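Listed below are the structures to be examined.
Two complexes follow with chain A in common, the first pairing it with chain B and the second with chain C.
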Partner chain A sequence: MNPIIKEDHLHLWLAKIKIICLKMFGRRASQLLRELASCEPGQLTAYNTDTFEQVIKECNEHNLQLQSLIRKIEDANLDIQTTRNEDHFGAVIHHLSLARNKRGLMSYMYNRAEIIQSLRWTIGPVLPLEIQEKLNYSEEEYYKNHSTAIEAYMSQLDLDLTVDMVPPKDPYIRVKVLDDIGEVCLGEHTISLTPQSLHFIKRVDAEPFILQGLMEEFLE
Partner chain B sequence: MLSYYDIDDILLGEEPISVVFQIGANGVGLLDPGSETNNVEKSAKVDLPFWLAHELFLRQAVSINVPSCYSLKTRKEIQADAACVDLRFRSPYFYELGCKLLPLVADKSIGPFLRYTFTSRYKEILCKSHSITGATPKFSSKLTKEESLLLEAARSSMVAFKKWRVGGSRLEKASILGRKRKPTMPTQPSGP
Partner chain C sequence: MERGEAAKRRGGGGGGHGGKKRCRSSEEGVEEREGGAGDPALRGWPSSEGREQIQLLEETLDEFTENRSDDLVVSLYQMDLDRALFLLRSYLRIRLQKIENYMVHISKTNLWNRLSEQEQRFAKRCIEIMEKHLEQSVLSRLPYGYQSMLKQSISSEEDDMVPEPQLDTFVFCKTKSDVGAFQLDDTGEEIVDLVADDLYVLRYKSIRGLVDGGRIDLV
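For the complex of A and B:
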């Protein structure tokens, strides 16, 4: 047998398998979650609009099929509550698939929202561009609203809750500047934070810069 | 622990289970690749994801066959040397799936078998986790999801312990902003 033809067959066969795999009920929604699970904890992947919409489309199809099977049972003058025929189990499978897809989509949004919330505590009120690009429009809104709510609460308390997440040993800290930050007003005086310079400043002031990767704690 | 939004619990539901339909179902021909109509016939043997198989079993529409990852062959391999068996290949949710299947199948020996497997592999994982340095070791590709979490927990607490002993910076850049620090200045060619 010609090996090239054999290889072609193999490709076709693999493509076919792939289609069958994706076509199994609920498979697409699980792909979304697999994507989420495959990255390290606390990291975000780009929002997958395409797959998300395809799952919604799948849901609509399940709904149509479900309706038509129920109509079929009703047309045959059977009691919808007690009938256990082939149409009933077809409808049950479509209904279960619908619920399954919904669970997948909800879990996708929920788990992303959890990560997005945590960003407010680690990065601050403004997200860097490379993270913003990964968010969906509604997620950006969510982040802004969440951020506003936390800020309102903190100003009510008159306390910055996002600093001192690690219990401090000393109110002051030695830091090395990594990026050009420029003139910054800390307390009463302004200091110039140029790259590679060392400073002895208040820990509370340094913490946001360290979290953003602009400074590091200087240790001998 | 388990909730509606739990990703692992949802992904565990994707594991394929071989079932036999006790009654036909119309309009779902897609489930049976061998079917020529849009229906699944009675006594058709089909692979369904666990979430669907489970629900249909509760409605007495299908009967469930024990998946091959709990077969006699696997059991013999585990008995020979539990730590060497590639469980991830068999099912990344080997233990969780087994626990969920137990009430649904007649073979009750799966329970003790899972327990034996876990306890004999547990020791090995903990011992190895203390000696890991740097890259992920080869044997971790054989672990199930739960075992990898265990390994990671053991490893990270070892790292935390060492860090605590040595001391060092406790404030770090937010992990989402990237692991490696971009060099702020172009690296100088090393002088003479």
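For the complex of A and C:
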């Protein structure tokens, strides 16, 4: 660093360098986030293993550089807290890039986790294959654990919160069975839910089947 | 005390009286729920009154069914019960979703005391699950010093990685009574005269105190 740069110019100068470096250094992480942002709200893209791994690699490279610069300062017997030479600013930039990459990775995972957990309310405890394929191993585990947490909460209250998603108009609805469900006991009656049959049953009873795609509301 | 009151309502009421009571309770439910949805932060836990009302309805319904009352009457009670159940479920769902979104933030602030006992248990578990997930997919693979879920790095003094609700958003609200000249910002440059029963669109942050104090409703 040129020692002539004055203290008050330093921030400006640093800020400029920071912008240039972060543009180069943080690019991959920002790609991940752009991918999230370009999605329709609530939609999930396939987990981007390649880019994710590259960002992790970048982080470790930043750390190596950072450590070697710190070592260089220490080797020159300079005080690490007060030294403001080129090695110090280099280290700061690597540190900031690393922190930025971390924010990127964490936001990516966190936002995906939010979408994933919302699926528990719209789809049910078991995810269809085409969604499972988009998740990584940890995310699948997260979904299962989160589902169990919701179920534990509901069983404490003794109230199923996943039914009754729309305001009730009529306690009964007309439904058409899409898949062979078989004999089901609803209230006091046992009815046989064979494919294509029509029934007039309680909305609360029908909702779990509709959610799983085994039944649909029959509208005339 | 609450339990006794509920029993009294049930015992002394008969058909007509009970009906009036139920109506009021449903309306209160709506208020609580809608405020809850528009409210970026969490409200206090309203005790178990809603639950008791529903129990009461269920009992009434059973009684009517046993006595083989008119089908129409039974189905009216059934519909009322369904409506109350929907309100309760939907209210609890909205709370859970708020907790899911900002669990760490809630656990670190006094919002924690606004959760019911079960919700606290749920939130704790959610945090553990989220931590495990982030730990194994991101944090454990980062260099030493950058592995905290709450801090960006070891050199951060505060927890600077916790997602917080956006309290700056605008909300629709309705005043219950005259508040008078109300200061919207710290500097005192923006002052609104809040008149009773009027609609406003204001930043949630600035009217938060009024909402908590029950002087203004979110619409």
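The definition used in the following text is that the second predicted complex is superposed on the first by the 159 of 220 C-alpha atoms of A that agree within 3 Å, B and C clash if a C-alpha of one lies under 4 Å from a C-alpha of the other, contacts with A are read in each partner's own complex, and residues count from 1 in each chain.
Keep in mind that, in the parts below, a contact is a pair of C-beta atoms (placed from the backbone, for glycine too) under 8 Å apart; a residue touches a chain by one contact, two chains touch by 3 or more.
Everything numeric here is computed off the predicted structure, so don't read it as measured data.
In the superposition on chain A, contact is made by A:138 with chain C only, not with chain B.
Contacts of A:122 after superposition: chain B is touched, whereas chain C is not reached.
Residue contacts after overlaying the shared chain place A:103 against chain B and chain C alike.
In the superposition on chain A, A:92 makes contact with chain B only, not with chain C.
Taking chain A as the reference chain, the count of touched residues is higher for B when chain B and chain C are set side by side.
When the shared chain is aligned, chain B comes close enough to touch A:26, but chain C does not. By the touch criterion defined above, A:195 reaches chain B but does not reach chain C.
Of the two partner chains, chain C is the only one touched by A:146; chain B is not.
Once both structures are placed on chain A, chain A residues 103, 106, 110 are touched by chain B and, in the other complex, by chain C.
For chain B in complex with chain A, the residues that touch the partner chain are 4-8, 10-11, 13-14, 23-28, 30-31, 33, 39, 49, 51-52, 55-56, 59, 61, 168-178, 181, 184-185.
Of all residues in chain A, those touching chain B in their complex are 20, 23-27, 30, 33-34, 36-37, 42-44, 65, 68-69, 72, 84-87, 89-94, 96-97, 100, 103-104, 106-107, 110-111, 119, 122-123, 128, 131, 166, 173, 178-180, 195-196, 206-207, 210-213, 216-217, 219. Looking at the complex, you find that chain A touches chain C at residues 56, 59-60, 62-63, 95, 98-99, 102-103, 105-106, 109-110, 113-114, 117-118, 121, 136, 138-139, 141-142, 145-146, 149-150, 152-153, 156-157, 159-161, 163-164, 167-168, 170-171, 203-204.
Against chain A, in their complex, chain C makes its touches with residues 75, 78-79, 82-83, 85-86, 88-90, 92-93, 96-97, 100-101, 118-119, 121-122, 125-126, 129-130, 132-134, 136-138, 141-143, 146, 152-153, 155, 161, 163.
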